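The structure under discussion is supplied below as structure tokens; questions concerning it will follow.
Chains: A, B, C, D and E, in written order; residue numbering restarts at 1 for each.
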């Protein structure tokens, strides 16, 4: 899941200064689950903006609306009427959703209501941790299901840096050392021999940073040859 | 003061005091300190402190108590036993302790003198003719002494 | 009238047993002598100091809410048990029900009646809604007198002294005695100065003043700063036949002391005690906190007297000085829990005995009595905190429910 | 962001069961109490699985013994718990109706607290009965006194249950000639049935008590024995004692086997070893989660006679016909709108009573839910509503409905918790023209958007009045509500609105002044 | 009512003013005192040495009263207390009674019990009553201010005084004083012990105790300190000079017995009441009353 956190109210307020009809657009998937941009948050933000404007005696109105996902054109189109009446949009979706919103409604300024933080998991009530850097070259199969790219402060691929103390990272004594955990985990599974293989440096060229994935099988629906 | 070794003390002392008439309550004390707060003697002479005396007796500091001068300082005002929530008749307990001391001949001289007076006259003050004449002058009846009874009673 | 269980007393224990029995499907009738439910707890304030101090007083409102919402529970206020006899089906009882003399819907709590009432405490404000209630066990007119002052003083026609009291026969399969306790009367310990030395109050009196927002430390030179709490007044006192610990007073006094300090931080509480009797889960930590806020003196005062400046003076054995007479702005007596006033009557009515501390029913924690179908709940049986009374009442209801089921099965057969 | 502490996710887990088996009970036992409970339940027709009981029962039918078994996981709800047990012969999965924690207290001798170690002359309290059975101190030393010292809460407070056991031992020794017993303590806990009387009787028989305050007692332990050196608090003199027997008291701790249950009850406070929350609202044997019960040590009660009462209460609790709780709130269990629910599981995780589960969407278990409304307030998709209302078949959420009815302009909209502030309002006599009252089941019901709506509708101020910290019947409803208010006031501040317009006030049901003061203070801050 | 008057050791020798005023006032108020020539010491002085001796001696006096079929009325707090306590102990401990009777047998005496023992003040309070005294007053002591001193054994132990007066809030002597029309001075050391009990052991301690009250009473400006016990008199009157010197008290505190005060109110003369034997003269008081 993509995890985001709400921008501070004053930052949002600053962005939409000068606009008087604002749509606060919630997204009902990832950002709803991480309690940053679902229907409730959208409504709260809209109300807060209205209250602030009332206090400053400005002509202003904010409305809230939420769709299932802002990363799909079909859902975004459901906003059409509301965007029509708005002179600006605050999207509470992740960065992808915000951009798609801006793309679908190119005539209306779209502002981010959240900071998209990472791909992560829910550890418990109100606690999320990062798990994936979407590096497009997954090593998890040989690292016991623990991502060194994400979890190691230096993204090292071949064992710890020599700095870990009591299993914690030298950059932060509260942070577990990814490699100590990897060795633990593989040890439990009696698979430590895996680590005798030296990994080549991570590729960092354009080939590994695809901006687009195209599934040829689906594309073929439209070709009749 | 030197350190007291409980192993050397006399645990039976409290039971002995309790066997004296009036001494029964001693062991019920739970050291609430009300007795000392009510004691007029403590207020003027720190040597005398009811709850400390009772503590010493309970611990079995027999010698120190019986040979002390402070046990004789009780004025028997009953203040302590009035306030005691555990029904320790401390004034009576003090008499019981003093009786034990007296049995070991640890007594201030004045008290033994009173005993002799009683044996001799049956009263603390001798009734002479002078006294009886003085009384008669004021229209009061004569007083008789009964030393024989007191002598017999006190052996 | 028929009921599965008759419950004597609408204090926190009686109410709670009724509610538990109702949850089991039984019907319950509560008989309460006072004109309002809740017993002593109804007069307690919340002791929270920003956070809950776990006094348990809110449990009363909790259970009242439940009882009011239950159609299986009938509450008869101003009522007492006159007679009881046991039958093979349970108990045949006669209740004396005195109708409320003040119509709650007409009364606006103006207090005109109290102003003219010659008997203190006969007309009081209900702890729950500010309306007035009449305690017929104190009212002159119901004690053989002829007074009608309140009726005449009321401008809203809310008082009616002429409705007849009724004797109601009730048959009940089980009876739960939850008649509560009586606070120790500090007048029995005249040396503690209650009623004589200005500034000496009981903890419950202070409590009610706080609850009704009538206690303030004052201002200037007469501002209350030093407050002494005297523990074990009428407890742990074999001399007056109370060879038991009342269990609740240490916690009560510590809570009151902390409450006062949280409201008025310049108040300096001192507590005179023997052993602090409190052992809730996090007690040691809280005792540590309390000890930082209050001066704890392990010494029982011999006397409380009026000092030369008119303030109460506590005479006790100090650490160094033998006999200290220390002035305080206020002295609070932590009076203990005594057996309830009506226990003698209940004993003869129901044919059971007092236990060794003079309370009702067996020693220890049991809820059953020597009489089949007769149960005890709460502080009627031993000194208990609110929380403990509630758990005791839950157990009493459990035992009564078992008994009721057994009776029902027997009848079926 | 720092690496967070890992929090166990509450195991509401599965969906509420469609069929409930209320006759099958799992008892976590381990001593006589567990056995007695199992037999009592079996006699009432329950099918009982008794865990951890090494010895066999008296042969009552209806009890399945799982000796040396351990509870490893619990999921589900009243009448349908899916329970995993580790037993000698592997893992067992069972579907259970009720779970009762009736395991004995852990008894931990306090040798280390006093810097002592166990020797023949220094025993733990539990060892005393066995010691006295094979020793005769009165005749073994020809006329010399035998000195027996007992420690009882010397370094910190004790517990009446511990003192009662010390008295048992002291009473036994008191029967013997030439034995002097001593009890070293701090606060002697006599607040239990008969303890004060027994305390007095022990003194009458000669036992001496040393009650220390700050100063303690030093122990010198050598192979020959222990020497105690201290200053007598009553005489103020240095003393020493070399007891022939030293008996060390013990801490009574909750059973260690509760971990899986603690995880199953979201309201278990972090770090607390007890199944019941600290809140005074939990004073019976019920925990915050329906179908899980705590007896004796599992809920912090150690006195033996009180534990017996707990057994009675828990048997009765299981006899109660199944009924939806909290009828007086007039609310039915939360309804989840499947269209809106995005299965974020926030409700499952936040419900203090573990009453939410999920299947194709979040689902409330009506028998576990107490209608506090915290789930609805926290749902990010506004998918949950508490239906009903005192007047009958309302179809809107109660609070939203009430909020829609209040007249906000120029008034203070007061959200009053039904457990505290509502009662306080009745007795406070506050002039009602200042207030527009919205009654809520719990302060935790009041969501951020409720408060903002009130402000948007023109309220001068908003008061959220709930229970005091530590007193909430839903444990953390209070904390959530005050945190929401704090968050709103932060936003109001940066929006240029007076943040004092929204306040949270803890209020007591029985002390109307607390509400009156809160209203007064809010009004004053608005002027 | 009729009672055996028990004088004890001190009163008939050292405090004739107390005795004469007690007899006169009793007569005026309808109390018949009978004397018994066999009475001796009550036994109190030996209590520290041997409680059993005290019981035996007390029992001797009680047995005499029992033979006469009359109760005992004592003037001295210690006598009243000791005799009443002995009766109480013997009545409640059959084994002690048996022991004591063995000792009395050679004297031809036996104590069966119970025998009632009351202080004269208690007889006044319970048998005559404040109202009757008020009615009998012919010369109300208006303008007289006196400080009462009860004495320890008058009030304690409360097992013996229950129903009569309270050691915590004593009221009878004040009530009896008020009945004469005199004003009762309020002072803080009202319940303080005179110290007489330790005079034989430590004069310093005894004087220190007596000094507290003397200083206090001097401060009230009372015309006299009113006593009901010869023991207390030893301290407050006998030791007053020494104490006054030791604590620098410049004002004398006249000491009188209650029956003297009562006698004045009943119209008796100061001469009849033995005022000339009072060592610290209550001249101011007498001036107010007799002019």
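The rule is simple: contacts are C-beta pairs under 8 Å (C-beta built on N, C-alpha and C of every residue); 3 or more make two chains touch, one makes a residue touch a chain.
No experiment lies behind these values; they were computed from the predicted model shown.
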{"item": "Both-way neighbours, i.e. chains that touch subunit C and touch subunit A", "value": "D"}
{"item": "Centroid-based (C-alpha) most distant chain relative to subunit A", "value": "E"}
{"item": "Per-chain Cα centre nearest the global Cα centre, belonging to chain", "value": "C"}
{"item": "Pair of chains joined by more contacts [C-beta pairs], C-E or B-C", "value": "B-C"}
{"item": "Centroid spacing, where centroids are CA-atom means, of subunit A and subunit B in whole angstrom", "value": "91"}
{"item": "Length of the line joining the C-alpha centres of subunit C and subunit E, rounded to whole Å", "value": "46"}
{"item": "Rounded Å distance, subunit B centre to subunit D centre (Cα mean)", "value": "57"}
{"item": "Distance from subunit E to subunit B - Cα centre to Cα centre, in angstrom", "value": "21"}
{"item": "Of all residues in subunit E, the ones touching two or more other chains", "value": "167-168"}
{"item": "Overlap residues in subunit D, where contacts from two or more other chains coincide", "value": "200, 211"}
{"item": "Multi-chain contact residues (two or more partners), subunit A", "value": "none"}
{"item": "Contact pairs between chains, per stated definition", "value": "A-D, B-C, B-D, B-E, C-D, C-E"}
{"item": "Subunit B-touching residues of subunit E, taken from the complex the two chains share", "value": "7, 9-10, 12-14, 16, 19-20, 23, 35, 37-38, 40-41, 45-53, 55-57, 60, 89, 93, 96, 103-104, 106-107, 152-153, 156-158, 167-168, 192-193, 195-198, 200-202, 204-206, 208-209, 274"}
{"item": "Footprint of subunit B on subunit D - complex, ascending", "value": "145, 147, 180, 182, 199-200, 203-206, 208-209, 211, 229, 232, 234-235, 237-242"}
{"item": "Residue ranges of subunit C touching subunit D (in the complex, touch as defined)", "value": "20, 23-25, 41-42, 44-46, 48, 50-52, 54-62, 65-66, 68-69, 109, 127-130, 210-213, 236, 238, 243-245, 247, 250, 275-284, 287, 298, 356, 363-367, 382, 387-388, 390-392, 394-395, 397-399, 401-402, 405"}
{"item": "For the subunit B and subunit C complex, residues of the former touching the latter", "value": "28, 30, 32-39, 42-43, 46, 49, 51, 79, 82-87"}
{"item": "Subunit B-facing residues of subunit C, complex", "value": "191, 232, 236-240, 274, 298-303, 315-317, 322-324"}
